[in-house]
Structure formats: structure tokens, C-alpha cells
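Each of the next two complexes has subunit A plus one more chain, namely subunit B in the first and subunit C in the second.
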Partner chain A sequence: MKPLSQTIWKQGSLAVAIASGVFLVLMGGLLLFNQAQGKVAGLVQSTELVRLHEQLRQRPQDEALKQRIRKLDLQLRQNSFTELRISHNGTRAMIAVTVLFLASAHLARKQRQKLPDPLTWGPRRPAEENRIRLKTQYAVAAMFGVAAVAAVGISLHAVRLPSPPAPVQVAAIRFPTAAEMRENWPAFRGFDGSGHREVSAIPATWNVASGQGIRWKTEVPLPGMSSPIRWTNALFLTGANAQSNVVYRFDADSGKLVWATTLRMTGSKMPGPKVMEDTGLAAPTPVTDGQRIYAIFANAEVAALDFSGKQLWIRNLGPLDNPYGHAASLAIYQDRLLVQLDQGEATSKLVALNAGTGQELWRVARPIVGSWASPIVVEVEGKPQLITCGEPWVISYNPLDGSELWRANGLGGEFAPSPIYAGGKIIICNPGGDVRAIPANGSGDLSPKPAAWKTDAGVPDVSSPASDGRRLYLLTGDGQLSCLDPGSGQVKWKHEFKDDFYSSPVIGGSRVIIVSRKGVAYVMENADAFRELGKSELGEDCNATPVPDRQCLYLRGGKHLFCLAESAPVAVKSPEK
Partner chain B sequence: MAQVVAQRFPPPQFTETGHVLPLPTEPAVRALWLDYLDAGVLIAALALVSWLVLRRRSRSGVVAVGIFSVLYFGFWRKGCICSIGSIQNLSQALFDSSFGVPLTVLAFGLVPLLFALFFGRTFCAAVCPHGALQDLVLLKPVKVPAWLDHSLRMLAWIYLGLAVVFAATGGGYIICQYDPFVPIFRLSGSLTMVLFGVSLLAVGIFVGRPYCRFLCPYGVLLGLAASVSKWRVRITPDTCTQCRLCEESCAFGAINKSAVDAPARPPAADKRRLMLLLVLLPVLIGGGIGLGGLAGGALAGKHRIVNLAERLQLEESGAVQDTTDASAAFRAGNHSIATLYAEARALHHRYVVAARWCGAWIGLVIGFKLLSLAIVRRRTDYEADQAHCLSCARCYRSCPQELQRLGLPVPETPKPANG
Partner chain C sequence: MNRRNFLSGSLRGSLMLALGGVLGAVTGRARARNTVWQIDPFQCTQCGRCATECVLELSAVKCVHSFDMCGYCQLCTGYFEPDPNKLNTAAENQLCPTGALVRSFVEDPYYEYTINEPLCVGCAKCVKGCTMFGNGSLHLQIRHDRCVNCNECSIARACPADAIHRVPADRPYQFKSRERKT
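Right, the complex of A and B next:
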């Protein structure tokens, strides 16, 4: 007969093991239930709270609704913390009881443990053991089958990545010559961004009411601050609203709208850009290489179209977060479309896209806060440079690979005026306080070196300067036009116009033209002394920069595109639907 | 020393209640000497368990160290640092020269293997908190049929291959991600992983150490090292009397029965099977390479860069209509999509190559396993399977010689079956 204490241990340990086991099952179930409840009533998952927040967005002044949200929010938080407390305490209790369960169960098992009795097993059967060995082999082989099925199953979810870009046959692409580019007006403020062209027929005056000096006038369907560009007889322009980004082609001779292509970007839904009214959704001027037109809009959609209006490629470089909206125009060098996207020090960048395919060729981060100035590509001592400006750096890059050539700091303010290259120097209009000229043939950080010249006379704040190499014209937003010697920075003359200006001055041969925001155009002589040749009203506002051409001047007003010419007949056109 | 963490967003102002937001702090960096202490404790515990198993033949000593390991390496160190996971650090360091491995991780990865090389899997016996925890919950072991036991053990080899693939390609540490017991040691984790861990423990009440036997990738390496160990677990302290008392004593199916009747030369049928398996071996390896190549393209999707590139590709092609947090963040940042695609393509290629190697590994392992099953070795004693024996010391007391050595009553035993 077993001693009493042994019986008590045997029965007691079994009872404790059973009781603690039951507790563990119940507590485990309770914790799972609590977890499930927590998911339903959790703060983040509460559909009711989300619904109320949605209502508050529509009725932000509804105090009763606010109180209701606060009350529900508090209740949900209290629920969450209560459930969390239950979960924590329950887990700790479970661990303690698990220890008790294991100890008592092991004890109970030990009390009941019997020694094995091989006498009852019978003799070993080698044939049976061989059969098991064979069965095991089949089972192991089957594991390979299972792995194979799993591999095939997994392969159905193979990652699909874009194919590597085909090597660009640079030699096969015909780039327009410098002479062709100069002959046309392919970018914002012309081929090299200087705002100058040697022409002789810019009209000094016109009259919209009588039609005097207006060769044609065509309505532009959608608004935009962008300026026209021209290649042979094609004028290109962009316009946009919240729904559409559109590129227009007009016939330069007749003003007829040849085509209007609305960009089609399937899929990717970028957040709508936040822009100021003064910037709008189509501020950047497009660019052309004579084969394609490239346009960018405020929502960072960049596209290439052929001259028949067919969209060749499109991509989105956004989302953009420029405080006023994106305004920098595109630049092009050979097969590289150059996009300056200055938004903030951590996000500003310069991107080069393959003009033929839209694929990214290189990208560099820029230590620049938001800017609105456009980049220019110039050739210095036979080598191309991409000049960019923004607070606090002017940086020159190699447009072929994005490598930095030189930089100089000291720029400040909200940077809208674009740089120009004149007299071997890069002219920077620094809204922070001066206009400065920096030799373009430096390398590395030029900050410690003094500028070739500096002046604080008539520093533009929005307009970009213009220069024919002999004279440099600066226009401030409040109407001060200054003429300087680009070599020395010496002021030749100044004149105050009682008007406001965003549009940049341009030089057409012997004449300089500026257009105010109200649409008043002033034509001056391109000379060392101020002489006004004419003043005319457009009849609508104007923020775009004019395009001087051989026989006329193209100008985008708030609603129309104008072709102004000496003694031209009136031709008003509406866009074709 | 706690440091103030910069606020990313302006905090709300509790103007009505006047609640003052506490300053967020980040935990102090763990002192280096504590890491060295971990390594020291590991080595001491390994030495102690090796002595307890091989010299003292003490099951109770092993259990005591096991409880200590669960408390120290498990609940105190929260399952990290861990020898099992260290495989990944070592793999990544092997394939990425820029990746450094701390000395402590190196110690946790290599010292148990070194011990296994000399003393068998004493790490598994009681030093590994995962193994020790499962050992503690094992109450009523049931015998897993040999065919199931051997085939399920293949999973650990496959898991090892995949873990190396992911670690070597920078795709993540899947052993840590899917560690079933760390959430238990930390008392926190995803519900899925907690349930996985609890389920394994519940199964472990009846099936001895399911994770160690069927899943543990480190156990595979320890098994390889232990199979050539100098000193090993011997069931009997004297000579085996073929009493068969130990036959059912191992909860982990790691006792090889004696095979004194095994023919010196295998029969013709066995020879033919052996030849067939030898021919099959390259087929399995080749098949593994092919299947690995198939799966590699999908496995690459686990890498965050490949995943992001695929997502951006879908967005760019218009196949999806919205953006994810990752793709929106990428677009907002200063990153080149072309560079990302190029990087993703390179990673994709690495995955495919690594998965092919993994497939070859799986084919090789299964092929060798089939070969080893086809060969019957002559064995005079009941012996612990060197590769699979977890050195738990359970089998010692089933041996009447051991009971005799300890002065305990010896049960009646059958006469040796083979004379």
C-alpha cells in the first residue's frame, strides 16, 4: 500500500495540473477575445470617429460635433487602455499559472511514470523496419515535390520590373545646330535665355481697338503664365486648369490653332498641386529641339509631343511641394531634357531625362530652398554648362552627367529671376539685394572669390534680365528699368515706369520691349541713353515674356496670343474645337 | 543617458486641460560590457552543460541550466542576442563586405558550433532558450512516425537555405521576423506570431521540441558539427546489453537501434536503389536550381527596394490608380527612379542567383538524405544519433547499466535479441 503522502502528492499534483490547465485555456480565450474586441473598439479603427471627423471637415465651426468627437475619443482611449491593462495583467497571470501547470504536470507525470516493458513489445521485425525505411525514403522524396510545388506557386507572384533602358544611340540622333537654335526661339527667353534676338521689325506701337499693328490675335483656351516658343512656323504654348494640362500649336503666320493636345497620364494619381494664383498651373515655358516639344506643368507632369501633337511620352516627377507652385521652365541640351525642381532644401533636385524616351538619365540633389528661376544652358570655352540659381547657391553643372562644375553662395530671398550669360559672365539677379557677375570659367566653390562686379541698382525681383552682350537690361517689379554695361556693371541709364511688371524684358535688334501686368507695352531704343519709342495697350493683362521675331512680335496676353507687326491687318481667330 | 528626440511635428496644445506633454526620450545604448557578459554567460553555460551531459550524466542539472537559460537568454535578454538569428548576420557579412559583425554576435554564432564539434549539441540541450522552453513544456511525448519525422526535418534545411538567401541579399532576417518564441519572451508581438509560438508550445507538450527538430536552421549546422564530434552522448555508461529499454526513451526520435544483423554487403535490390539514388542526385540538384530560378523572381519582391520599384512601375504604367506611403515618400524625396529601377534589377538578379543556389542546396540535401536512408550501417549498440541527439540526458536513466551505476533498482530486462 502506498504511503498517504505519496497519494496526496500524486492526486494533488494532478488536480493542480488540471485546474491550472483549465485556467490557462480560459484565460487564453479571454485574452484572445479581448484582443478581438480591442481591434473593433480601437481608436484608430473606429469607423464612427472617422465619420465624425469627416463631418467636422465639412462643418468646422460645429461645437456640438467637436464635443461629441472629444467624448468618443476619450471613451475609445479609455477602452483601449483598459483592454491593454487586462491584456498585460492577464499575460502575467498566465505566465505564473503556466509555471504552476508545468511543475504540477511534470510531478504528476513522474508519479505515474512506468518503466517500459520490452518484454511486451515482442521481437524486432527487420522486414517491418525495412518497410518503414522505404516509406521514409518516399516521404523525404515527397518533400522535394512539396518544395517544387511551393516554388512554382511562389513563382506565380514574380516581381515585374521595367526592362533596362536600351542604350541611347547618341550618334543616331540629330541635334539642332546652334545656328538653327539661334534662328528660332526654342525656349524661355530664347535659345540661350538672354532674351535677345537680332531682328529689325519690332513694332513700336499698335492699337488693339483699331487693329493697327496687329497681324493676328487668337484666343488661348486655357490660362497659363508660360511664354510662347517658336520653331519655324510653329508657335507652342501651354495652358492648364485643374482638370487638364494642354499643349497648343499655333500657326505662326496665320495664328490658327493647329492642334491642342491634352496630356494623358494614365494611372498615377498625384496629389493636386497647391499653387498661388500668380503662378498658376502652367507657368513653365515649354522647350523644343525642333523635333519634339517638351512641357512641364504644376503637377510635375512632363511630356514630349511631336510636331503633329502626338504625345510621345509622359511621366510625373512629383509630387511637388513648391510654396508658390512650380514655375521653372525646361531647358534642353542635346538629348537631355533638364528639369529643375527646387522645392525645399531636402527635396530640391535637378533631373535629366532622355528627350527621346523620358527615361531618367541622372538626378542630383540640390541644396536649395524653393525657387522659381529657370535654368540656362550656355557654352563656356567650348564646354556646356547648365546654370541654376536659388537661395543660397548659383551652381553650374555639366548637363551631360549632372556633375557639378562650380558653385558660389550668397544668394538670398525668393528667387524668381533667371540667370543670363553675357560678356563671359553669369549675371545673377539676387533678390536678396544685388545684381552680380560671376566669371563662368571657374571651378569648385567660388564663394570666397569676389564677383566680377556687383551693383544694388534696380535689382529685379521677378523679371529676368536681358542682354545683347553690349547692354544689360534689368526690370524691377515696380517698374524701374535699368541699362547697364554687362562688362563692368556700370549703370548707363535708369527709367521709372509707373507700372507693375512680371514679364521679362526682351531685346529685338535695336529695340527693347517690356510689358506690364496690366498689358501696357513700352518700346525703347536699345541704346546707351533712354529713349521711349512707343507705348501701347494690349487690352488684357500680361505676365508672359514676348518673343521677338523677324517680322513681328509674339505676345501672350491673359486671354489671347498676339502677333504684332508694323502696319499689319486685323485677324482675330477663335480656337477650333 | 537619455537624449531628447527632436519633434517631427508640432505637438498639440492642450489649452483646456493644461496637460504638459512629456519629453520623448530614447533609451540609453546598452553598455558594451553587458554584451561581453552575455558571451561569457553563453560560454560558461555551454561548458557547464557539456560537463553535466558528458561527465556527470545529470538530467536534473541539464533541466536547471535550461531554466536559467529561459530566464536569462529568454525573458531577461528577450531572446536577443540569439545564436539562431546570428546565422543571418554571418551570412550578410559573408556576402556584403561593408557589413560588420560585432564580436558578441560572432561569439553567439560560432562558439556553440565549436562546442558541437567537440561535445555534440549541448547548446540545444539547455543553453538555447528556445530549446529549453520547449523542453520544459514536454509532458507526454508521443512517437512521431519515422517517415514523418525524417521528412519534416527537411524543412529546417530549406528554412536555412531561405534565411541565407534573404540575409545575403539584404532582404531581411526572416528567422527573426518569424521567430515563434521571441514574442513570448518579450510579452509582446503580433497576434499571429504569439499564436504561432503558443501553438508550437501546445504541440510541444506531446511532440518533443517541434521547432528544434523541424524548423531550427541553426540546429542543422549544429547537427552537421555534432555528427563528427569528438565526445558524444553514450546511452549506456558501460556496454550495451541490447535490453531495448532505451528504445522509446528519446522524445526526439534520436536513438539509432542496433543493427548487428545488417548484411556486410547490401542485397541486390538495395544496391539498385542506391545506384538509382546516385543518378537521381544530380537530377535533384538540377531541378532545385531550376525551381530556385523560378521562385527567385518572386522572393525578390520581399526586398523593400524591389517592392518599391515594382509599385512605382505599376503607378507609372497606370496599372494602379493610387500611391502607397512608400511610393509617395519616394516621389517627394530626392531620389532617382531610374537609379531605383537599376538597383531593383540588380537585386532581382541577385535573388534569382541566390535562389538557384538555395534550390541546388535543397536538392543536394534531399538527395543525400535519400542516400543515407538507403544505406544500412552495421551497429552493435543502441546509440544516440549524433546529428539529431539534443543532449537532453533523458535516455541515461532508461539504461539498466546507468541505474546500476547510480545504485538504483534495475528492472527486469529481456535477453539480448541477438544472442
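Right, the complex of A and C next:
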């Protein structure tokens, strides 16, 4: 090749190599940017479009708004599909240009002037050198050959069906006895959900300003409507905001925040649900079996933690679509964690998860419109029953396998009060009209059979009833507290409080306590006649249900967790980890 | 051949045949089966991640329609926005962000809904609407003309409901039907 043409080839190939290299860098950057944008994410998750749709619902005749929606819709589609086209064509262009780049770079390198290689001077190349070079070439070729054969062999090997997952080794769990469950407060409104504790020391009064009766008071970092639960000296609570779902453990004796565990879900984050402020993102109360704590949040994340705060498993049972936000608390029976998810007639369901692994054991569809009531597990004639309520059915299931035991219809309205079991009957507060008692030992459809008793006096709309088996307490949202005989439904007394209530009444020994939404607590005697023992203010709002304990009362306010006792010095704690 | 040789030869032959049969049966049973990824529509919670988590430029997941379950509704909750402005095909009334669900008149008051597959991105908005308020006839499936059958499916990793599993390649789809509704 002549020197001039050699120069032209050299410079030409170098220019092509540089140009194609620059193209590769730019196109690679553009494709990476496209990838980071999330392909069609902008199209399917446009917040602007959702906002405009909301506006259109408020101004249905606004033609200009309709035009804006159509324009934005078209723009989003064009953008997304243009990005997809760029990605599609760009990838192919990059492959072609990469070939061009390699070829031109190789050519440019070949044209480069080289200093003479001493081994090319025939007489100086030793025969030994040639032999080694040949051996090396053969060895490399043989390695490639083996690798190629192995690759072909592996690719031809059929994919095997994955073997069934080995059962997760779970430490043997000892189910707590009924006595242990009764001694502690392991779930929403206690062991059996009746809101009753036989031995308790509910203080008649306290004073937040002076500290009288406040044993300790600790700030809770995140908000939540959930109530505390207690197991020995551990108090558990949940809180959440748009970013985090958190489970807290407090020391029941000192109020110190022992740990706070933020749940970690693998995979991309599920968008948070829309909830009402009155429900919030942490309305369901957690449950414990004495070895683990189980919690559920509004975005349907269900998790188990051990008592040291370590997350053992997590699942998402959502997404949930509940107009107020999910509120039903969890229930547990032996190794079954029971989750009631009433979201709408087509999607309402009851799910049992293995408490040790989170694996689903059974699931049944529920013919329920939607509900916010919590399920309870009770023992009737020696057999367990899982009682659930929602419009229009109360249904009893076997918690072991989800089979239905009995059902009765006639429930209506937005169903929030949870059922209780008192005096051999299931007591149901039907916001649609009455309070009724259904014998719990039936089977099949009990709808045609009359209820054991019914009353339309003081029907709760949000609060759940409480009973110690001798008296039944009902609290309406506008402050009417009624005391009934759970056996006959006869009203023993009624009293009107000028206050609003979401929190449920609880009975602790000889006292009954109710707490209003403004944080005013009223303590009454648990007796056949009304007698108010005290009235105290918490100093902050309150929607959670109190926990009566042997020595004190635990109560969650809007900002703090309180331990209230008859008389004790104040100890205010700041949250610490 | 005497009788002893005949019996011994027959016995040996029978044993060889039996051994061959057993080996053949074991080999046949032990043959590995090909598998592919698929969504169980009854476990799917319509979270929308199928549209964004697939490694492909446009997801391998698309909506399919079980016509035997469809109610052919005039107000299809898989097609229309909740509380639509009007029951027409204007963009402000459609739930599908790409217009992939096509509504065509059958006879009063019935409408047929078909899927324009090239436009479907697998976002599950229509599936959610149909499942929550309708018959649940719209559901998602991984399309095997698109799926590259990754060793580890990136959508399965992100699926909050654990609804994506490997299934035998000779039964690659899990359709909803009137017979199997739950």
C-alpha cells in the first residue's frame, strides 16, 4: 500500500472509530436515562392525570378541562411510546455501531506504524518459541472448545421444575395457655376481644398537669389509631406515615422505648393507599402469641417480629381499596394468624397465614360489602370459632381450615363494632339498627331463626361492646353509655355523656372506663346502677382503646403512651432507640 | 436345546425385559420438564408492577379476557373511570392509559370489550376495576410470544402477592373461566 493511501485509510478509520465511539456513549446514556425513567411508569402512574380526573368529577360540565385531559392523555401516550421506540431502535443501532466501531478501531490500529519486531527476522526466531506459541494456541482453542460444549450442553438441558420449597425450619412454638392469654392483653380488647379483665386497677382520676396518677408518659414517634397490647413487661404498639410502617416495643414498667422496627418489604415499594384521617395508616391493633408480634398496616403489609424487634417474615396481602382505610385488627389461633380483609363484595376475604413462616394456609372469599370490625376467636363447647361481622352477614368459621360453621344475615350499615362472646351468645352491634344476641352453637344458615334477644337501645356505631359475662356495656358515638344484662338484653341503666367517642369501653374488675375523642376519660362503677367515680383529661385526643392491667391502665393518646395508676410520680420519657 | 437350557434362557430373558421396563419407566418419569413463568390470576392483586418491573421494553404481561365470564356491561368498570363523565370513549372516561381496551356495541344494552394487544402494557387498571366491581373476566397473563423466560423473573421478585410461579410449558396459561372463579 502506498504511503498516501495508507494515510487516508489510517485517518479515515480513526475518524469513523471516534465518531462511532461518541455515538455509542451518547446513545448508551440516552438508553440508560430512558431506563431510569421507568419506561411506561409515567403513562400508567400520572399524578397530574389523576388530579385532573378529580377536578372533572367536581366540575363535570367543564369542557376546557375535558380538553386538557385529552391533550395530556395523548401527550403521555406519545411520550411513552416514543421512549419505547427510542429504546427499541436505539438498542439495534448500538449493536450495528458497535460492530462498526470495533472494525474501524481494528483497522486504525493495523495502520499504525510499528517499530520492527525482532522475532520477525527469521534467523532470530527460535524453533522453541514457535512450538510454545503453537501449544498455547491449541490450549486456548481447547479451553474454548470445552467451554462451548459445556455451554451447549447446559443450554440443551431442560429446566427442571423447582422442587417444592423445603419447609422452613421454625423453632417449635409452645402455644400459650388460656390462663397466660388472660393474664396478659395479647390482642385488640384482650384475649377474647370482650374488653374485660378480672383483676385490674383502673384509676378513678389523674391529672396530667400535676403528674398525679401518671406513672409514666412516653412520646410515640409516629401516629396511629391502634391500641397497645401487653405481654409480660413488653407493650407493643404500631405507628405509620406515608414512608414507614413501624412496630414499637415499650417497657411496661418504665415506659422506655426499647426498640422501633421499620418493616422492610422486598421489591419496589407499593404506593400507599388513600385513607381517611380518622382511620390513618396504622389503625389495626397488633397481636402476640407470647413469642412473636404480628402487625398489619393500611397498605396490607403483614409482618411477624420476634420480641427483640427482628423482622421474621413479611407479606403484602394487598393492594387494599377501602374507602376509610383498613381497620380490622389481627386475630390468632394456635399457629394461625387470621386476617380479615373486607374490601368489597368481589374482593372481601379471610386469610390464614402460618404464624411461623407467613405462608398462606387457607383463604376463603367473603360475601361482605366491606367492614372495619375485627374478628374474634372464641371457644364454644370446647371447639374454636372465628367470628366475623360485616354487611350483611355474621359468619363463624373453623379457624383451623376456614370451613364455615354457621352464618346469619340482616346486618347493615358501615360495620365497625367488633362482636363479642358473652353468656354463651355472640353479641353483635349492628349499626344498621339493633344490638342482637345469637346462640353460638348453631350450624348452617341461622337467618330464619329468631335472635336470642334484640334491642334498638343505644346501638354503637364505631365502638365495640364490652362484657364481663354479668353486664354488657354499649357506647354510642355521641356518648350514650348503656348497661345491659347479656343474658336477656334488658337495659339496667343508661347515661348520656356530652362527648364524642370512637374508643371502646373496657371493664377492669369493678370499674368501667370510657375515653372520648377529645381525651376526656370517665370512670364508672361496674354495677347494676350508674355511679361515676371520676373524670380526667388526657390533654390530647384519644381514639385507641385502653388496656386495663393488674396495677395500672395503659392508654394511647394522640401523641403519647400513658401508664396511669391510682397515685404515682410522673416520669416523662422522650423516644430513644 | 434341552429343557433346562430353555427354562434358564426364558427366565434370563424375562428378567432382562423386566429390568429394561423398570429402567425405561424410571427414565421416563425422571425426564425433566420445561417450565415457564405464569401469573395465577386468583392470587394477583392488580398492584400494577407487571407494567414496570419486566426486563423487556414493553412488559410481557398483558391483559386477557375470559368472554364466558364477561357481563358485556354497558357500564364496564374495567373500561370506565369510576364515576365516568359520560359513557363514551372519550379519553377522560377511559380507565386504560393506552386505550388498549376496545369497546364495541353488540345490541342494546350489551357491549363487547376486546384487547388491542400491541397497546396493552399490563398495568392492570382494567383488571382491578373488573375484579372489584364486575365479574372478574379481565385478568393478566404472561404472554409467551414475548416472555424471554428469565431464570429469575424480575416481576416475580417484585410481586407482593407471590402470584407468579413456574408452570409446565405444556400448560403455559392459567386462564380464568366460569368453572374456576375462585
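The rule we apply is simple: the second predicted complex is superposed on the first by the 400 of 577 C-alpha atoms of A that agree within 3 Å, B and C clash if a C-alpha of one lies under 4 Å from a C-alpha of the other, contacts with A are read in each partner's own complex, and residues count from 1 in each chain.
Keep in mind that, in the parts below, contacts are C-beta pairs under 8 Å (C-beta built on N, C-alpha and C of every residue); 3 or more make two chains touch, one makes a residue touch a chain.
Everything numeric here is computed off the predicted structure, so don't read it as measured data.
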Practice task
Mind working out whether A:84 is in touch with subunit B, subunit C, both or neither, as first, second, both or neither?
Solution key: second
Handout entry: subunit B versus subunit C as contact partner of A:382, first or second or both or neither
Key = neither
Exercise for the section: Between subunit B and subunit C, pick out the one touching the greater number of residues of subunit A. Expected result: B
Problem - First, second, both or neither for A:140, with subunit B first and subunit C second - result: first
Problem - subunit B versus subunit C as contact partner of A:56, first or second or both or neither - result: second
Handout entry: Touching partner for A:347 - first (subunit B), second (subunit C), both, neither
Key = both
Exercise for the section: Using the touch definition from the top, say if A:448 reaches subunit B (first), subunit C (second), both or neither. Expected result: neither
Practice task
Using the superposition on chain A described above, determine whether A:365 touches subunit B (first), subunit C (second), both, or neither.
Solution key: both
Handout entry: Partner chain(s) touched by A:321 [first = subunit B, second = subunit C, both, neither]
Key = both
Exercise for the section: Examine A:105 and indicate which partner it touches, taking first as subunit B and second as subunit C; both and neither are also allowed. Expected result: first
Exercise for the section: Could you tell me which stretches of subunit A are touched by subunit B in one complex and by subunit C in the other? Expected result: 88, 157-162, 265-268, 270, 315-319, 321, 346-347, 365
Handout entry: Interface residues, subunit A side, partner subunit C - complex
Key = 38-41, 43-46, 49, 52-53, 56-57, 60, 66, 69-70, 73-74, 76-77, 80, 84, 87-88, 157-162, 265-268, 270, 300, 315-319, 321, 343-344, 346-347, 365
Completion exercise
In the complex, subunit A touches subunit B at residues 28, 35, 88, 91-92, 95, 102, 105-106, 109, 115-119, 121, 123-124, 126, 129, 132-133, 135-144, 147-148, 150-152, 154-162, 164-165, 265-271, 315-319, 321, 346-349, 351, 359-363, 365
Exercise for the section: Could you pull out which subunit B residues touch subunit A in their complex? Expected result: 136-137, 139-140, 145-148, 150-151, 154-155, 158, 187, 191, 198, 243-245, 247-249, 257, 261, 284, 287-288, 291-292, 294-295, 297-301, 306-307, 309-310, 313-323, 328, 331-339, 341-342, 344-345, 348, 359, 362-363, 366, 369-370, 373-374, 376, 398, 411-414, 417
Completion exercise
Contacts from subunit C onto subunit A in the complex sit at residues 31-35, 45-49, 51-53, 57-59, 81, 83, 85, 90-92, 97-99, 121, 123, 125, 128, 131-134, 136, 157-162, 166, 168, 182
